[in-house]
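Handing you this structure, nothing more for now.
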Amino acid sequence: MNEAMAFVIATPLLGAMVAAVFPRQSHWLGVLSLILNAVAVGLLLAFTLSQGKSTMVLGGWQEGLGIALHADALATLMLALTACVALAVSFYATGYFHNPRDAARFWPLWLLLVAALNGLFLAGDLFNLYVTLELLGLSAVALTALGGKRESIDAALRYLMVGLLGSLGYLAGVAILYTAFGTLDMQQVGDQVAVDPASETALVLMTGGLLLKTALFPLHFWLPAAHSNAPAPVSAALSALVVKAGFYLVLRLWTEVFPQAVPEQGALLLGVLGSMAILWGSWQALRAQRLKLLAAYSTVAQLGYLFVGLALLVITPAGAAHDLVFGAIVLMALTHGFAKSSLFLAIGVVQQHAGHDRIDHLDGTSQRLPATTFAIALAGVALIGLPPSGAFLGKWHLISTSINGGQWLLVLVMGIGSLLAAAYIFRVLGHAFGEAAFASRPVNNASAEWPALTLGIIATLGLGLGSAWVWPFLGGAA
Amino acid sequence: MLDASTLYGLLGIFLASLGLHATILQRDILRRILAINILGVGVFLVFIATAYNGPGVAPDAVPHALVLTGIVVAVAATALALALQRRLEMLRRESDDE
Amino acid sequence: MIDLLSIFLIAGGLFFYCAGTVGLLRLPDTLSRLHAVTKADNLGLGLLALGIALQIGDPLSAVKVLLIWLLVLAASAAGGQLIAQHVVEQKEETK
Amino acid sequence: MTPIILLDTLLAIILLVLAVVALHSENLRQSIFVFIVFGLVTALVWARLGAPDVALAEAAIGSGIAGALLLAALRDRQPGCEHIEPRPSWQVLTVTYLVIGVGLTASWAFLDAQASRSGPAIGEMVQAELAHSGVSNPVTAVLLNFRAYDTLLELAVLFAALIGVMALGPERSAPQAAGPLVSHFVAWLTPLLILAAGYLLWVGAHAPGGAFQAGALLAAGGIIVRLSGKSGIFPKGAWLRVLAASGYGVFLFVGLAVMAGDNAFLQYPSDWAGSLILLIEIFATLSIAASLLLVYLGGYPNAWMEDKESQHA
């Protein structure tokens, strides 16, 4: 399946190039290259489903000398999430960026961002991950700045500084690992890691850098401004995909490279920080005056669940319970990816129609934009974790594992978090379904509305009803 | 006896710490950009020190290539940061004029 | 004999460098500092280059070292002129 | 005490002093100049540690181009906006202790890592496979063959920065023409720089040098030409766009094309490796030079599109 893997990375890179060289044609060139990307991801997913994990060492060298790419169940699921969200965001973006100049900037950067994500999910090499992280960071920052307002530029600059600090922290860890083990290949490093100062310090430096990039409480300070001041399609991608990349790497490092060196206290710390992220993020989302800020703080909270899940994963001994938690984390990450991108795209539609996104002034939205309001409701169901969404199953397994392990505090936190999430979602829906001061006709703007709706349906129904195969897929490949 | 590899490795960590300190504490964005560049040089120095195998022995070429990549990435990030800062000052001036 | 000549040239080069640096640190204004640095350092580098060129057996490489000196001469002439121009402009502005 | 350790200690002290001055000098202009010198001394350290390729890149890019970028940013800055309140002392103290902690831990880990170093480094695999890489300079072999994928993505990073910079307002206005002596010097220097860049590119296959150093040198030449007020000689419009994107574009095409022969991505057939690497490097050099020069403009380059669109940008 080498071709599929190479095309997964090459299609968005090529797309970025042609979109930059032919700026007037960038809309359809961009969409076309992401369709091709989705086809390549589909092939890879089908292959991985039937044959299991596949590996390609680039340049045909032996692993270690050349850079290895691995497509396993986790990586292909993340690729599939990226491909779907990227397509929906792209269709939305064709209507969002009317000005050809904005479009000419957006498409190359957006395609480079997708290429960085794809590269990151497949990479099996620590330094290559650094390069993909920087590609991801720089293109995300540049996209955030497309907002053009002073707040957007300010947020983008802070986002850039934080991102650079994070990736240099990560790189410092890689430097220590290379000093100790003389290799950058993740499997080869993983074979040599032990409980020693070099491994432990590298783990701390790399995790610290990634936590900064993935905005785990209290390192989330930069996220709300960046995610709420970017253009709507960019916000969707940042919240649904980019912060997930940091979490994905932490998950990989902790479970595959450093399992020997991860101390119990590390899991405890992540659990505590994750819990605080759930409570603080949900609380701030409830207090937010603007819809986009609400969605951004909700991302802070949702990342908390993922890290609580990771903490549970570390303390659960290998076996059926361990696999259950692993699947639950992946399912929650996927659901949040679909749900949050749906929410941000829907907010973008609301903002363009109402001219603002102040929650208190949204009354009557449901009459004007029924499809978009429905999308917000669907995304909300998934964010709260109600059945039949994928998050319901994920959260259910996390809570039941906590109960079995006697982690009552975590059970309490996840319960409160769900209640707060319900409160902030219903606050929005309450206004949206409220009576408007002025009666207005419903608007039907299908091209802008259907991407959000589709993503919402996948988050709530698709992943909820189809989630049964996630565990065997992950288990079979592990 | 302190060998060159150790000396320069520790120097790199020291430089990186100085850069980290200033990146967090400085307020002026140009100074923070400068600081993060020095932080980067510190990390690169650890790589190059590791690659050094003593006098007369060929050094490990892999970290050299990594640092070359890192230098280009650093200058790209610096350029983007400075352009953002320039735009911010432009917008600030416009809003002051109003 | 050649070694001795090299040592003599390099020592002379270092002396002029020191003189230039002292001038840079001690002289009062930009123009006179510029005067000290450009003259003394160019001569110092020339002597150094000559001293080093004598030590290189390969004549092609020796020519390369002297070419470097020529390039630096040209660059410092242009750079010095730019700095001086800047100083003159500033003086006229403040008048 | 051997003399070489004396030299090392001296270099280390100079580097530390320069770093402290660059970071904490009262005067920002002074900070930037000291940072440029810091870059040059760093290049000396790279040369001392047997990394001449890195030394060339550091002098040209880390010190030269980055310094030019910082100086240009300083010139844009309006006077009077530098007044910033100092941080409260508890913040300074907390961060200081935190950083000292991180630094000490990292030092301890580094010493431990050095002591416990086990197994052959991939550096030895590089030496063993060098003959099959198509070039004899091991750093070029790693950059363009063994780890070519890193370099491909790195060119994409530079491209992303370029497009990102372009979205941030108009380019800097070109400076007025310089005096006759400088113009003369530039006219004389530019062909020399192009020649030197070509030499660096070609020599990179078997000696220190290569696409990055050559590209940076070309970009530096471009910056000098622009500063002297003669920007008319640069490519424009579609040519410029193709040039900027060609760095990773050609790389990617080669990487995919070799897969036709049942190879892995970026696996060059061994007979062709040397020529393919040279082809990739030529376009990488041109695209690096174009990109660095364009990001130096600090905004949307007027030359990017030749028609009406660019007028409003």
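Letters are used for the chains, namely A, B, C and D, taken in the order the chains are written, and counting of residues starts over at 1 for each.
By our rule, a residue touches a chain if its C-beta (ideal position, glycine included) is under 8 Å from a C-beta of that chain, and two chains touch if they have at least 3 such contacts.
Keep in mind the model is a prediction, meaning the values are calculated, not measured.
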Graph distance between chain A and chain C, where chains that touch are linked: 2
Can you tell me which chain pair comes out on top for contact count? B-D
By Cα centroid distance, the chain farthest from chain C is A
Whole-Å gap between the CA centroids of chain C and chain D: 28
Computed distance of Cα centres, chain C from chain B, in Å: 31
Using mean C-alpha positions as chain centres, tell me how far chain B is from chain D in Å, no decimals. 12
Residue ranges of chain B touching at least 2 other chains are 9, 16, 20, 24, 46, 50, 60, 62-63, 66, 69, 73, 76-77, 80, 84-85, 87, 92
What positions in chain A touch 2 or more of the other chains? 127, 131, 134, 138, 141-142, 145, 153, 172, 176, 178-179, 182, 184
Looking at the whole structure, which two-chain pairs count as touching? A-B, A-D, B-D, C-D
As the complex stands, chain C meets chain D at residues 71, 74-75, 77-78, 81-82, 85
For the complex, which residues does chain D have touching chain B? 4-5, 8-9, 12, 15-16, 19-20, 22-24, 28, 31-32, 35, 38-39, 42, 45-46, 48-51, 53-54, 57-58, 61-62, 65-66, 69-70, 72-74, 76-78, 81-82, 84-87, 91-92, 95-96, 99-100, 102-103, 106-107, 110-111, 114, 121-123, 126-127, 138-139, 141-143, 146-147, 150-151, 154, 157-158, 160-161, 164-165, 168-169, 212, 288, 292, 295-296, 298-299
Residues of chain D defined as touching chain A within the complex: 102, 105-106, 108-110, 112-114, 116-123, 125-126, 129, 145-150, 153-154, 156-157, 159-161, 163-168, 238, 241-242, 244-245, 248-249, 252, 255-256, 259, 263-268, 305, 309, 312-313
Using the touch definition from the top, list the residues of chain B that touch chain D in their complex. 2, 4-11, 13-22, 24-28, 30-31, 33-35, 37-38, 41, 44-46, 48-52, 55, 58-69, 71-80, 82-87, 89-90, 92-93
In their shared complex, at which residues does chain D touch chain C? 178-179, 181-182, 185, 188-189, 192
